[in-house]
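In what follows, chain A forms one complex with chain B and a second complex with chain C.
Moving on to the complex of A and B:
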C-alpha cells in the first residue's frame, strides 16, 4: 500500500506532466527548475511571482489604453504586449506567450475588437496558470511537510 | 547542470573571477540572468536601462561582460552599445533579446556587440556566449 509520501509524489509527477502536455508550460519552465538549488530553494516561486505582477500591471495598462475609444494608443498597447510576451517566454508560460503573439498581431493591424477579445483571454489565461502553479507549489509543500523529497520529473 | 559539469565545460572559471553587468528593464529577466551568472560563479550587478549602464561605466566601474537587452526605456540596447563603444569601452557585450528578425539583429550587432543570443537565456546559451567570447583561462 502506498505511503502518503509516495501518493503525494505521484500526484505531483502527474500534475506536472499534465501542465506540460496541456500546453500551460514549456521547456523554459524546466530551465528555471534547474536553477533552483539550496542557495535559492524558492527561486521558481519568486520568478513566477514577478511574472504574475508583470501580468497584472501590463494588462491593466493595456486595458486603460483600449478604454480610450476613438483615441487608442496602439503603440502603447504594442509595447506592453511585447514586454509581457518577453516575460511569459522567460518563465515558460506557453499559452500566455501564444496569446501575446496574437494580441501583438491585432495591435499591429489596429484591430480594436481583436485586441479587446485577446486581452480578455490573456487575463483569463494568466489567472488560470497562477492557480495551477499555486496547486503545484502546495503539493511540493505537502511532500516536504510529510518528510519526502520533491521528485525530479522528466518531461 | 551541476557545478562539476559546468567546471568541465569551462575549466578555471571559478578562479577567473569574471564580472558581468545585466542591463534589462524586466525584473523577471534580471532575476533569471543574475541567477544564471551566480550559478557560474560570475559576480554581477544589474541596471534597468541603457543610460544606467553608461552611467555605471562613467562612474569608473568596469565589467568583463555586459548582457544587454535591446528594448528598454530612456536608452535602448542599441543606443547604449553605440555609446559605450564611442567611450572606448572594450568590455564584451552580448545582446540578448526576443527580437529575432535579421534586420533588427543586424542593427544590434552593428552597434558594437561581440555576440548575440535570443532570449530566454538558459545555462547552455550563457555557456555558449562565454565560450564564444573566450572567457576561460588558457593553461
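Moving on to the complex of A and C:
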C-alpha cells in the first residue's frame, strides 16, 4: 500500500528527473544539493532565492538600458548579462545560461532586435524556472511535514 | 908672572872686527835655535810628515851648530879652559851629527823628490776623473731626455701627436736645427715628407725610395751619418754662407699586427720603414757624439712601438664600431622578425576563428540541406558543395595546424581514452571509401595492447587517419592491413614484445597496402611539406601534400618515429610509426565500456578550520562557492570587491579564491597587490586560486604571470574542490591536469 510519504517521495523523484530531462537544471544543481547538510539545511533554497532576486534586478537593468532607443548602452547590457550568466551557471539553471550566451552574442554584435527578443526569453525562462522550483520546494515541505525523508535522486 | 891656564887667541883682538863677529855669532845662534822650533811647530801642525827621525836629526844638528856658535861668543876674549872644553865638546858633537845627517840625506832626498812626481801624477789623474764625470753626467742627462721623450711619445695613442712630439722633443734635447720624418707612400715606392720641426713645406715633397743613401739607412738599425747634400736632407733652400751641420738619419720600422709572431720578434722581411733625418745646427762645429746617436736609435725604436700601438688601437676601435653597427642592425632585424611573428600569429589567430566560422556554417547547412528533399541535380550540386567545403576545411586546418606546429606553440592535449575504440572508429570512417574502391581493410590489435591509455586522442586519430587514408588513396587494388602492437622504445626491429613497465609504452602501428609503391629514392621527400610524387596516378587524388608532414610532426611531439618502407614501384608500401603513450591506471582491470568514475582518494579530507577567503562580485556564485567550502569544513570569509579583499586578507587565510570571470586584467591586479602585501612574510602568503570561466592556455599564462598559484574552471563540483584543496595544500601549486 502506498503511504502518503511514499507517494510524495515518488512524485518528488519524478518531478526532479523531469526537470533535468527538460533541461531546466544541470549537474551544477546536483552539486548544490550535495552541499546541503545539517549545518546548512536551507542552503539550496537560499542560493536559489538569491539567484532569482539577482535575475530580477539584472533583467530590469537590461530592460531599462535597452529602452533608451537610439542610445543603448550595450556595454552595460553586456556586463549585466555576463553577471547573469555567471549566476545561472553557479546555480545550474541550464536554460537560462544558454539564453544568456545567446544574449551575450547579440549584445557583442550590437543587435538590438536580437537583444530585445533574447531578453524577453530570459525573462520568461527564469520565471518558469522559479515556478517549477517553487513547486519542488513545496513538495519537499510536504514530505518533511508528513515525517518522511527527502529522497536522493540520482540523475 | 902668574901662569894662567888661559888660552890666548891666535890673532890680536881687533876691536871692530871682533864686534861684528860677536854680533853675527849671536844672530846665527838665535837663528839656529829658532829653526828647530819653527820646524817642530809646523810639523806638529801638519798631520802627515813621514820623516820625523830625520827631523830630529836635523834639529839636533842645528841645535848643536847653534850651541857651537853661541859658545864661540865667549872665545873672542880670554876665556877659561872650561869654556874651551865645552866648545870642543860642542864641536865634536856637531861634527858627528852633521856627518850622520849628511849620510841620512843621501837616502832621503830621492824619496822626497819622488813625492813630488807622485803629486804631479795624482793631479793628472784627478783632472782625468773630472773629465770622465763630466761625460757621465752628460750621458745621464741624455738618458733622462730619452725617458722623458719616451714618456711623451707613449702618453698618447694618436699617430700624429706621437710623431710630432718625437720631433719636437728630439729637437729640444739634442738642440737640432731641423728634424724631419719621411713616411712611405701607399704604393711604397716613394717617401713623402710628412713632418718637420721648423720649416713648413707647402708642397708634398717626395723622393723615390730606391736611393742608395736611403737603402743604406734602411739596411741597418743604427743611426747613420749622411751627407747634408742628399735629397732627404735638403729641406730648405741652400744659401751659400751656411756651413751645413752634420746630418744623421735613422730608420723607424712601421710595424703591423700581422708582423708579430708568437715566439720571436717580428720578421723583418716584409717591412716598411719611415726615415727620420736629424740636422745639427749649421755653423756650430758640433759633431754627432756616440751617445747622441744612441739616443736617436733608442727613440726611433720607441716611436716604432708607439706607432704600432696606435695602429692596433685604431683597428680595434674600427672593429668595435663595426660590431656596434652590426649589433644595431641585428637588433633591428630581430625586432622586425618578432613583429613579423607577432603579426603572423595575430593573423593566424584571427583567421583561425574567422575562417572556420563561415566554413562550419557552410558545412553544417549543406549537410542539413542534404537531408531535405532534393532533385537529383540539386543533390549532386549539394554533394559537390559539401565535398569542396570539407576539403577546404581540412586544408585550412592542416595549414593552421602546421604553422602552429612549426613554431612549437602546439601542445598535446593529454587525456585518457580507449585505444581499441579509436582504431575501430578510424576504420569505420575509412570503410565507406575502401568499400567503394573494393579494398578490404583488416585490423589486427595485439593481445597485450592496453585498452585505456593516456595521450592526445584527437591528434593520434589524425595521424592514423592520415596514414590509412593515404594507403587507401594510393591503392587501386589489393588489400590494406592495419596492425597495432606494443614495442620497446624506438628500435625498428619488431622482435621485442615487451610487457610495458612503468607508466609508458610505445605503440607501433603498421599500415601495409598493396598499391603503387614508392621509389626508394623518393622516400625522404615524402615527409616534406607540399611535396608530391610526380606520377599522374597520384596527382588525381588531390590533397595538399601536408598530411604526412603534419603527421610526422605530431609523431615527433609524441616522442616517436615514423617511416615508410617500400620494395619499389608497384610493390606496395608499409607505413610504420611509433608513438609514446601513457598507461592509464584504471586501465586493464576493468574492461567494461562505460567507465565508472573512480574517485581518487583524497589525501587531505579534513579541512576543518582551514581559513579561506572568497572574492566574487557575483552574489550567487559567491554563495555557492562559500557553501562548497563550508561543506568541506573550511572557515570561509567572503568579500565582494578587490579593495575589500585587500583589506581583509591576512596571514591567517591559507587560500584565497578569486573570481576572474570579468574580462580585463583588473581582477588579476589583486594578485599582485596581495604579493606586495606579503613581500616581507613570504611564507605566510595565502595561496591564490582564480575561478574562471575558461582554462585555456592564455588564461593559464595570465594567471601564472600575475603570480597566482592555480586556476579552476567554474562551476566547481564538490569532488573537484576537495581534490583541488588537497593538491594545493600538499603541493602549493595547481597547474596540471586541467
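Quick note on the criterion: the second predicted complex is superposed on the first by the 155 of 155 C-alpha atoms of A that agree within 3 Å, B and C clash if a C-alpha of one lies under 4 Å from a C-alpha of the other, contacts with A are read in each partner's own complex, and residues count from 1 in each chain.
One rule holds for everything that comes next: a contact is a pair of C-beta atoms (placed from the backbone, for glycine too) under 8 Å apart; a residue touches a chain by one contact, two chains touch by 3 or more.
Here the structure is a predicted model, which is why all the values come from computation and not from measurement.
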| item | value |
| --- | --- |
| Which of chain B and chain C A:50 touches, first, second, both or neither | both |
| Which superposed partner A:96 touches (first chain B, second chain C, both, neither) | neither |
| First, second, both or neither for A:40, with chain B first and chain C second | both |
| Chain B versus chain C as contact partner of A:81, first or second or both or neither | neither |
| Chain B and chain C footprints on chain A, overlapping residues | 28, 31-32, 34-35, 37, 39-40, 43, 46-47, 50-51, 54, 79, 82-83, 86-87, 89-91 |
| Chain B-touching residues of chain A, taken from the complex the two chains share | 28, 31-32, 34-35, 37, 39-40, 43, 46-47, 50-51, 53-54, 79, 82-83, 85-87, 89-91 |
| Partner chain C, residues of chain A touching it in the complex | 27-28, 31-32, 34-35, 37, 39-40, 43, 46-47, 50-51, 54, 79, 82-83, 86-87, 89-92 |
| Complex contacts: residues of chain B adjacent to chain A | 1, 25-29, 31-32, 35-36, 38-39, 71, 98, 119-120, 122-123 |
| Chain A contact footprint on chain C (complex, rising order) | 617-621, 623-625, 627-628, 630-631, 659, 661-663, 693, 714-718 |
